[in-house]
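Should a chain be cited, it is by its letter among A, B, C and D, assigned in written order, with residues numbered from 1 in that chain.
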Amino acid sequence: MTDAPLLEVADLTLRFGGMTAIDQVSFSVDPGELFAVIGPNGAGKTSIFNCLSGVYRPQAGSMRFGGEELRGRRPDNIARLGMARMFQNIELFENLTVLENLMLGRHQHLRYGTLSALVYAGRAKRSEIENRRVVEDIIDFLEIEAIRRSLVGMLPYGLKKRVELGRALAMAPRLLLLDEPVAGMNVEETEDMARFILDIRTELGVTMIMVEHDMGLVMDIADRVLVLDFGQHIALGPPGQVQSDPAVIKAYLGEAS
Amino acid sequence: MSLQVDGAARGGADVPSGGGGGGDGARRRPRSRVRGRPQLYTSYAADQAIWNTPAKRAWTLALVAAVLVLPFLLSRDLTSLLTTVFIFAIGGIGLNLITGYAGQVSLGHAFFMGLGAYTAAVFGGESTDRVVGLGLDMAIWLPLAGIVPAVVGLVVAPLAARVRGLYLAILTLGLVFIGEHVFKEARSITGGAGVGRAPAEPVLFGVDLSGRYHLFGYILSREDVFYFVCFAIFLVMAIAARNLTRSKLGRAFAAVRDRDVAAAVMGVSLRRTKTLAFTISSFYAGIAGALLVLVIGRVTPTSWNLFLSIDFLAVILIGGIATISGSILGAMFVVLMPRLVSELADVVPFISTSPGTGVFSVFQLQTMLFGALIVLFLVLEPRGLYGLWVRARNYWKAWPFSH
Amino acid sequence: MTSSKARGMVAAFGVVALVAAGCAVDDDDGEPDDPGTVEEDPDDPDDPPEDEPDGLAFDLGVTEEACPAGVNPDNGCIYLGVLSDLSEGPFAALAIPITAGQEAFWQRVNEDGGIGGFDVDISTYTRDTLYDPQEHSARYREIEPNVLALAQTLGTEPTEAILSDMDSDNVIGAPATWWSGWHFEDADQGLILESGYSYCIESQIGLDWVSGNVAPPSSVLAVGYPGDYGGDSAAGVEAWAEANDAEFVGWVETAPDAVVGSQDAAIGQVVGSGADVVMLAVGPAEAAAIVGGSMANGFEGQFLGSVPTWNPALLGSPAADALKAAYLHIAPWEGWEADTPGHEAMRETVGDNLPDNEGFIFGWVWSYPIKAALEAAVANEDLTRAGLRSVVDGLQVDYEGMLPDATFGGDRDESAIRTAVINRPDDDAALGVTPVEAGVTGETADAFEYTAPCA
Amino acid sequence: MTELISSGLIRGLGIGSTYALLAVGFVIIYRATGVINFAQPALMILGAYFTSVFATSVGVPFPLAVLAAMAVLAVIGLATERVALRPMVGKQPFAAAMVTVGVFIVLFVVAHRLIGAQVRTVGDPWGLERASLFGVSVAQVDLAKIVISLFAIAIVGLFLTRSRLGLAMRATSMDQEVALAQGVNVGRIFGLAWAISAALAALAGMLIGTAAGGFEAVVALVALKALPVIIVGGLDSIKGAVYAGLFIGVAEALTRTYQPQYAAWLGANFDVVVPYVIMIIVLVFRPYGLFGTREVERV
């Protein structure tokens, strides 16, 4: 069990009508690994995340997470298996405060029933306070103490991204999916985010898959890279090896020209 | 410092010891707070309390005291009107839970209110040659008046959870029409259309609430007695709802409302959350329906129509979406506004108080104002009366540096 | 508004233990059984009981001050409430003239000097209740502390919604409905002073008349709204069929156009029934649609319409010809142009301004019993609510010829009114109908054993 | 058999095509602005009222009276959009839909006040006349409903597919931003949608008002039947609105004709709820109606 990959994707295929978004893609991610998926626009990167987290229903293939098949499960069920996610376009609950967003990340760890919630004493109160403590630790970790009570909708972009990372962390995941964590950020914000990602790996030991356009970041911090183009597997390997792969160069140059 | 995220996750209810963040345990909750710093909390428990500032506590106490004294100062019809406010607030909170918090637009509130009223009438009403009634105590029929609609809500929820947005609004509208038909036809329960039946008997723990009672030399009329009973029920249900909304369920409601896909990815079960919202909301509706007919004096199948549902939508839209205190403000507004208009009608020139003359009758003016206010609030202050109150409060806080 | 602060404080403290306190000092005076010995709420701060020096007792709803729009400035004022359907309810077309008729009636009473030194005011506490029991109850509670009695409470169901309140408040009232239940004390606690026949008797007289003057029907059908209006009428039809060996084809329950969209369903069943006579207990537009639609589909039977089915505007509808050919309207008293002192006085009040429909007559006639009750109470020198209620049993009412004299209480099988007027639509008549025969009685209706509400 | 055709099919198609007419009005506004217009019943009854005024009080020939009433309602629709709905652009569809509920309440009171408590007639030429269709006697008014409704819907269909403005409307319904980028005046499109929809409502009001006993203001509520129709058809499909309208009309008429005989246990006037029952059954199987577009979830 310890040596087995945390996630094994085999022959994953997703079609929308006549278009094939993911075409028989296979890869696996080991525990503790920082795995990156790259590729030009429309390569099917986000679609893979959507399949993994249960938002899309792939037509074929298998996705085994910690020994459990993910296909056919609902998103909330997959989340409970220990998968968390950041979204490409921030999907925070904008009418709630930072604190409430992070507490939502703790949803599955709050164990009390409806009746207890109505009375808000005993178990419910205890559970809320215990989990609040966990959330406060994450707030410290991400250095967002000052905006604890701010409505998320009012925050600047960079902070929203950080709150979203915090919300995903609050779920205490075994696997964290990062969909373009630094897209649209300036250099400084990007470096902050990179530092948080590395800290998450070293301090918390969370396995991560990252979809990213910033090639520099990917090459700097990823352990292995999967390259996709038009939903098809092009290359897979450590950053240095992938960078020099002719098929990859062709795919990227083709896009650039 | 080490983050205990993993440990907490695996251990479930295990408490990570010695976490940072400045909290000091639920067991040793310090009673005092640093004087003059109402926003400084020395424990999470104090932070999470409903009345977490001295101002809120003082306001609430003053309000409760005022509410308790009012019936001794008001005429009986105004007392009755305020009782209706409590009942509308209960129903409004119920609708706000599903539509305001959970974002599921329901036009079916009137149907669930009707179910509650008939459940109460069957269990608490008297049997006649026309309708069945078990004549049980209010301590039995009142909870049942919530539970039966809740169970029906539970049955309907799986279908409701499948459809979204305005499709759901019209689906629930269908409930109202089909419900009205069933109410008309189930004659042994409802008395049938155009006939109706008497509501449940208000006998609580053997005490007849429709009688007069002496209290410290003061005579409580039946309106007064019923006022206090409804206030007590309202208070319990409002606090319970407030608790619910600050719990994980309340957050799940908001998450499903704002971004349902993201909510699911966070581990919130959409089906379960929507079902729960439907069930709890129906419970509140049922209680409100059962109490409302006690004020009215008769249950009729045609009362549970689209317009009643719209009244309750107005309660939450005018009061404030997704706030409990907004629901209460909205209930006050919707119940008291018509009375205010009819009091003013003698002063305003073009309103007729005698039938068939004038530009508009009092009733028509009330109705038009009602419609116009829905539009005005949605366009100008989508947070409703609650939003106005927040604005006024912020202005006051900043005074004299407001502008 | 005179409660002392101390009392309020004590109460605020005490209400928390309301149930316990209530149990301890329960004195049960909420449900008086004997209307004669009811004690009035002695603590009602708004209306303390008063006694006029000359010995006439009165309390709620009666003042020594003159009415706001009184005729006699030296008179006191008796306030009566009106709970009616005055804007958007299903019977507004009738209710507005009904209320106008009552206004005219009491105006005349005031012009004749009032009652016992009081003018009567019904307009201050006139409220629109939309034919909705909830609205009815709420408005009743609003006006109740200020009125002596109700000059009008419209609709069977709305009136039933306030009946138990009226009972505990000792408020009597005149109905604007002809439900048979108002004839019986079990159903109305002796609080409702009705006039004329009931829908149940109405359909029997109508069928008796058709049987004698057109042809004896071998099959009869009732079409009506659910509830006490249509139900009462249908019960009469069924009773008639049973007594006359005719076939009772059934009761077609329809509903106002606003609910069912169109009367197509009722039309289909009328045509399919092939009945010889159809008794209608619906609204005017619906009646016209059913008569017109059925005849256009080949139905050849006779239609009878209950009182509320007629509206002169129907003579301008597409169904006008059908109505003139096959519809007869039944009324409890004669129409606009009848030659009785009551009718004459009524016509005088409006001059040349004809009311919209017969509702004006209804409102006028329905006012006589309340007037008689007020006069009787004044004669007893007790114009309190309890005093007024106590005169109802055995009350004699003179309708100035518009109806036979009536007596309340006693054996209703003997005293209930069983006469009607048969009308037909007529373009030239004042309110669109001309009497075919007045003072109609019927064998079946007379023989009907009337001991309980029909429906 | 005669009963099946005359009171089942023909009458069902008659009322069904009126539902379709109303439903198309709903769909046009929904496609343009994403809002369900709950004010439609009030617009409909105002249409009946103005037809009645022009045809019976003013004395204009009936077809002209109908067109004039449609024009008046188009203006009312335009004004409503401008005053109450334009400020809601970009806000939640639910909030905008609730604005139309408020508008409904106000206009419904106005309609009540205008129509008054008395019965009114629209002054139509059909009355209770009957015609022979392939040997079966049917009511002229039913034929008129079918012909007029379907003709009006066809014209609207042609307008949407052939005219420049119609194409701009379709573009707007597909993607507002793209339409804006192509120089379409989106605000004007919203107004146009309301005007067309209100004019169709006026026409439907005239047809509903042809009842033999005349019409009253409360008859407006009949227009709510178009709501289950648009759900069955799919909120954004004109084709769906027409098919579902006709289907529900016929289902209702057949229920009305045969249910009292064969399924009396369902209660009196069960036909009134048939559209809602059909709607619920359809939603169980297709949450987006028969012809509606499923929303694609994007994250």
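Simple rule for what comes next: a residue touches a chain if its C-beta (ideal position, glycine included) is under 8 Å from a C-beta of that chain, and two chains touch if they have at least 3 such contacts.
Bear in mind that the values here come from a model prediction, so they are computed numbers and not experimental data.
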* Asked: Between chain pairs C-D and B-C, which one is joined by a greater number of C-beta pairs in contact?
  -> B-C
* To do: Name the chain with the Cα centroid closest to the overall protein Cα centroid.
  => B
* subunit A to subunit B: how many Å between their CA centres? -> 39
* Chain centre separation (subunit A, subunit C; CA means) in Å -> 73
* **Separation of subunit B from subunit C, taking each centre as the mean of its C-alpha atoms, in whole Å** => 38
* **Multi-chain contact residues (two or more partners), subunit C** => 87-88, 95-96, 226, 255
* Counting only residues that touch at least 2 other chains, which ones in subunit B make the list? -> 184, 261-262, 265, 356, 364
* To do: Could you list which residues of subunit A touch at least two other chains?
  => 55, 87, 91
* For the subunit B and subunit A complex, residues of the former touching the latter -> 1-6, 8-10, 12-13, 15-16, 19-23, 25-26, 44-45, 48, 240-241, 243-244, 246-252, 254-255, 258-259, 261-270, 276, 280, 322
* Asked: In their shared complex, at which residues does subunit A touch subunit B?
  -> 53-55, 74-80, 82, 84-85, 87, 91-96, 100, 103-112, 114, 117-120, 124-134, 136-141, 167, 169-172, 203-205
* Asked: Which part of subunit B faces subunit C closely enough to touch in the complex?
  -> 65, 68-69, 72-73, 75-77, 80-81, 84, 184, 192-196, 198, 204-208, 210-223, 225, 228-229, 292, 295-298, 300, 303, 339, 353-356, 361-364
* To do: Flag every residue of subunit B that touches subunit D in the complex, lowest number first.
  => 103, 105, 159, 162-167, 169-171, 173-174, 177-178, 181, 184-185, 261-262, 265, 306, 310, 313, 317, 356, 359-360, 364, 367-368, 370-375, 378-379, 382
* Please give the residue numbers of subunit C that touch subunit B in the complex, ascending. => 1, 3, 7-12, 14-15, 18-19, 21-23, 25-31, 41-44, 46, 84, 86-88, 95-96, 99-100, 103, 123, 126, 128, 130, 132-134, 137-138, 141-145, 156-157, 160-162, 164-165, 168, 225-231, 255
